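In what follows, structures are represented as structure tokens.
In what comes next, chain A is part of two complexes: it sits with chain B in the first one and with chain C in the second one.
Then we have the complex of A and B:
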């Protein structure tokens, strides 16, 4: 009996809480991905690199002496024009070609190569780690948890709720959903569709950048961090249903739990194949994902 | 009535034009072969090893890109995990060669194994369409690559090393896999045969069904053809082309590593096809040569050659959606038509 309790206290609970903070992190990255797909029908292969850019901006500006709490605001604000320019300057150029899915996927894939390599040129190939903004740990019921991870979980959930409210409860969100459902109809009703498109892309990019700021102290910063992390985010988006915010949150939390708990049973190196197998299985059985698309009730 | 018949006529013309375009592709491949023989002659005269082996690798990856183009260019299926079959061929070949250094045994094993493996994975991948196809192929390849990466018996992250030198018995002569010139020419012939097989298959009535699938998938079943069977067949065919190309890799390099299955390899093949020209077959071979040259030339100047290649790739996607072949091939086709008259 005591051994079972000890297992829960020292192994299971910390593992699940670590999984929860990882889950929140994945959902933050996946949110932008799913919103961009839901509205623009674009698979943004460069999303992981925007996440990496956010982390590197935090690292560089932090080293320049800017406070972490300011970075949470500043970095997404820097990312917005970047995203806006990418949407207007690159994606819109091929947006109306017949094979939009494939063409935009290829284009953003090319962009991801350029961005990742540029990060290597500027910051070098080594792994760096900004200091933890909230040091220390708390001991609740004998479970020891780093404070920053708890903060990450709380702030992450607040951001997720805020995004869901913006998309589902504001006039702006209504315009985005209308444009996602039928661009031409929305445009004829006075929705500035092209600005909404670019703005939504920029918003998704800003979310990725914000995730980069928040996760840099936990997962460190290195040039390939984008595509290492994006595989998981893609999986979450696919399983949850591309374009579905609720689906992304549920799939993100469940899959990361699968990942951390499976590593208790089998060797941790097999947790990735397990998660990817779930993705393939979902794609085969229910290609549209577990939940519906944005704008489609 | 009249408009219908003129529509038929223009459709017929389109077919004829595609025949002309394919003939132009053949001409371009012949040019490539002639250039390759010239290259081999110069290489032999200078007693070079490095560049001949680099060119051999370019051809091997050209064969791999060919299989990506068969899927993307002729059926509109973008695979983001096609390196799975390239790596699969390389691993099967390596495993057989370590047991017995017989070229034909390795090729036979690769062919048989890929037939089964491609069929099973094809059944999974072909359940979905469009962008989901890209993601499911990506997912399958990730699972397989990670599994290989973690399996001790397959060398795990180190891969399989110490593949012996392979004598390739062609009946009238024997090519040693470590002879730079001979193995380069052998690979050239091998990849050209893959090209011929693909071009032939796509020109049959089966190939026409694929073209019809790409244009209007819902209509094809009404004409009495099974879309599912056609799609699965071409998927397995493309897998075999990729695996046979991959089978040459351990003969050239003497090792295989899990990187051969990774997304980077799949992505490179997609870049190759797009730069060369989607749906042209010849473009895949040219693309591979261009990419290899670019990498080694820019690679001598900076280790960050991916920036240049990425920008070039994006520029091609935006400005030259038909790639290099879209620029060159119509000129050759015009010449051919002029000559026919």
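Then we have the complex of A and C:
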């Protein structure tokens, strides 16, 4: 009995909490990705690099003396025009071509390479780690929990709820969902479809930038950091259902728990193959993902 | 006044609309008749901006909207009720309805509320179902919603494509009653409809289309013109 309790207290619970903070981190990155896919039908291969840009902006502006709490606001605000310009200047130009999916995928892949190499040139190849904004840890029932990870979980959930409310409960969100389902009909009711597309892309990019600010103190900052999260984020978006916010949250939290808990049973090197196998299985059995698409019933 | 002049539309090599010209005045319902595949729906989609014309002009009250996007055409005062209603499934009845408010020019929270209430007073079924997803409504209710969604924007021109398709006769009567209300409100209504008797009863004038061109035009109150129409579009 005692050993079971000790297992829960010292092994299972800490592992699950680590999984939860990792899950929130993945969901934060995946959220922008799924919104962009849900509305524009564009698989944004550069999303990980926008996440990296957010982290580097936080690093650079932090070094210039701007405190972390301001960065949470400033960095997404800087990312919005960047996302808007990328959508209007690049994505829209190829959007109405017949092979849109392949073209936009390759275009954003090319953009991701440009951004990654640019980050290397500007900031160098080395890993940097901003100081933890909230140092220390709390001890709850014998489980040690770093304060910043706890903050990340709480803020992450707040952001997820805020995004879900914006998309599902506001007039702007209704326009986005309408345009996601039927661009022509939405436009014929007066929805400025092109601006909604660019604005939503910018919003997704801003979310990636925000994730970069928040996760930099935990996962460090390096030019290829976008890759680390983007594979997991893509997996979450595919399993949850491309464009489904609820699906992304559930898939993100469940898959990261699978990742961390599987390492208790089998060697940790197997946790990634297990998670990615789930993605392959979902693609084969239910290609639309476990939950529906944005704007669809 | 709607004025379409020598309109041409191509789908690739196919010349779908071949020089259609027509006019419609405020408070007038104009029926567009013809067999399937003659270009009626393409004509509606072209006026709405979903399809770009390859030639000719479309103008409302002297303002041409050639080359404009559907949202800008909407803001010129054009409402579109397409053939398959296009209710957004992920949106509630009220959200679907409120999207139609985007067309209004001078908006305030109070005027929006009054407009929504006006629609609910006219369509109590929609009020009862305001929280339901739009696509959980019956076919007739969805058609009502599609028409209400356009009416709430108070457009100058309404394009209505096959509104009675697949609906029960009772509902069809309601649909034509709504079209009469649009006419009474001074809107220009361009109506494509297979239910000839119902459409002629509500229309002031008509155009018959054959292979992308107008082959006959006339007034619906002339029995000679109606007979000619029957002959022109008989299969």
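Here is the rule we go by: the second predicted complex is superposed on the first by the 297 of 297 C-alpha atoms of A that agree within 3 Å, B and C clash if a C-alpha of one lies under 4 Å from a C-alpha of the other, contacts with A are read in each partner's own complex, and residues count from 1 in each chain.
As a working rule, a contact is a pair of C-beta atoms (placed from the backbone, for glycine too) under 8 Å apart; a residue touches a chain by one contact, two chains touch by 3 or more.
These numbers come from a predicted model, not from an experiment.
Undergrad: Have a look at chain B and chain C on chain A after the superposition and call it: clash or fit.
TA: After superposition on chain A, chain B vs chain C: fit, no clash.
Undergrad: Should A:120 be classified as contacting the first partner (chain B), the second (chain C), both, or neither?
TA: Touch partner of A:120: chain B, not chain C.
Undergrad: Between chain B (first) and chain C (second), which does A:81 come into contact with in this model arrangement: first, second, both, or neither?
TA: A:81 sits against neither chain B nor chain C.
Undergrad: For the overlay on chain A, what angle lies at chain A between chain B and chain C, C-alpha centres, nearest 10°?
TA: Angle at the centre of chain A: 90 degrees.
Undergrad: Now for A:174: first (chain B), second (chain C), both, or neither, which partner does it touch?
TA: second
Undergrad: Given the touch rule stated above, what does A:191 touch, chain B (first), chain C (second), both, or neither?
TA: second
Undergrad: Now for A:235: first (chain B), second (chain C), both, or neither, which partner does it touch?
TA: first
Undergrad: With both structures fitted on chain A, tell me whether chain B or chain C touches more of chain A's residues.
TA: Of chain B and chain C, the partner in contact with more residues of chain A is B.
Undergrad: Where does A:182 make contact in the superposed view: on chain B (first), on chain C (second), on both, or on neither?
TA: second
Undergrad: May I ask you to decide whether A:279 touches chain B, chain C, both, or neither, giving the answer as first, second, both or neither?
TA: first
Undergrad: Look across chain B and chain C in the superposition and give the shortest C-alpha distance you find, in Å.
TA: Least C-alpha distance: 10 Å.
Undergrad: Which of the residues in chain C end up touching chain A in this complex?
TA: Going through chain C, the ones touching chain A are 48-50, 69-71, 73-75, 78-80, 82, 86, 88-91, 95-96, 98-100, 102-103, 133, 135, 149-150, 153.
Undergrad: Where on chain B is chain A touching in the complex?
TA: 72, 76, 78, 124, 127-132, 134-136, 138-140, 142-143, 146-147, 149-150, 263, 267, 270-271, 274, 304, 306-307, 309-311, 313-314, 317-318, 321
Undergrad: Using the touch definition from the top, list the residues of chain A that touch chain B in their complex.
TA: That would be residues 43, 90, 93-94, 97, 99, 101-103, 105-107, 109-114, 116-118, 120-121, 227, 231, 234-235, 238, 267, 269-270, 272-273, 276-277, 279-280, 283-284, 287 of chain A.
Undergrad: Quick one: which bits of chain A touch chain C in the complex? Just the residue numbers, please.
TA: 171, 174-175, 177-178, 180-182, 184-194, 292, 294-297
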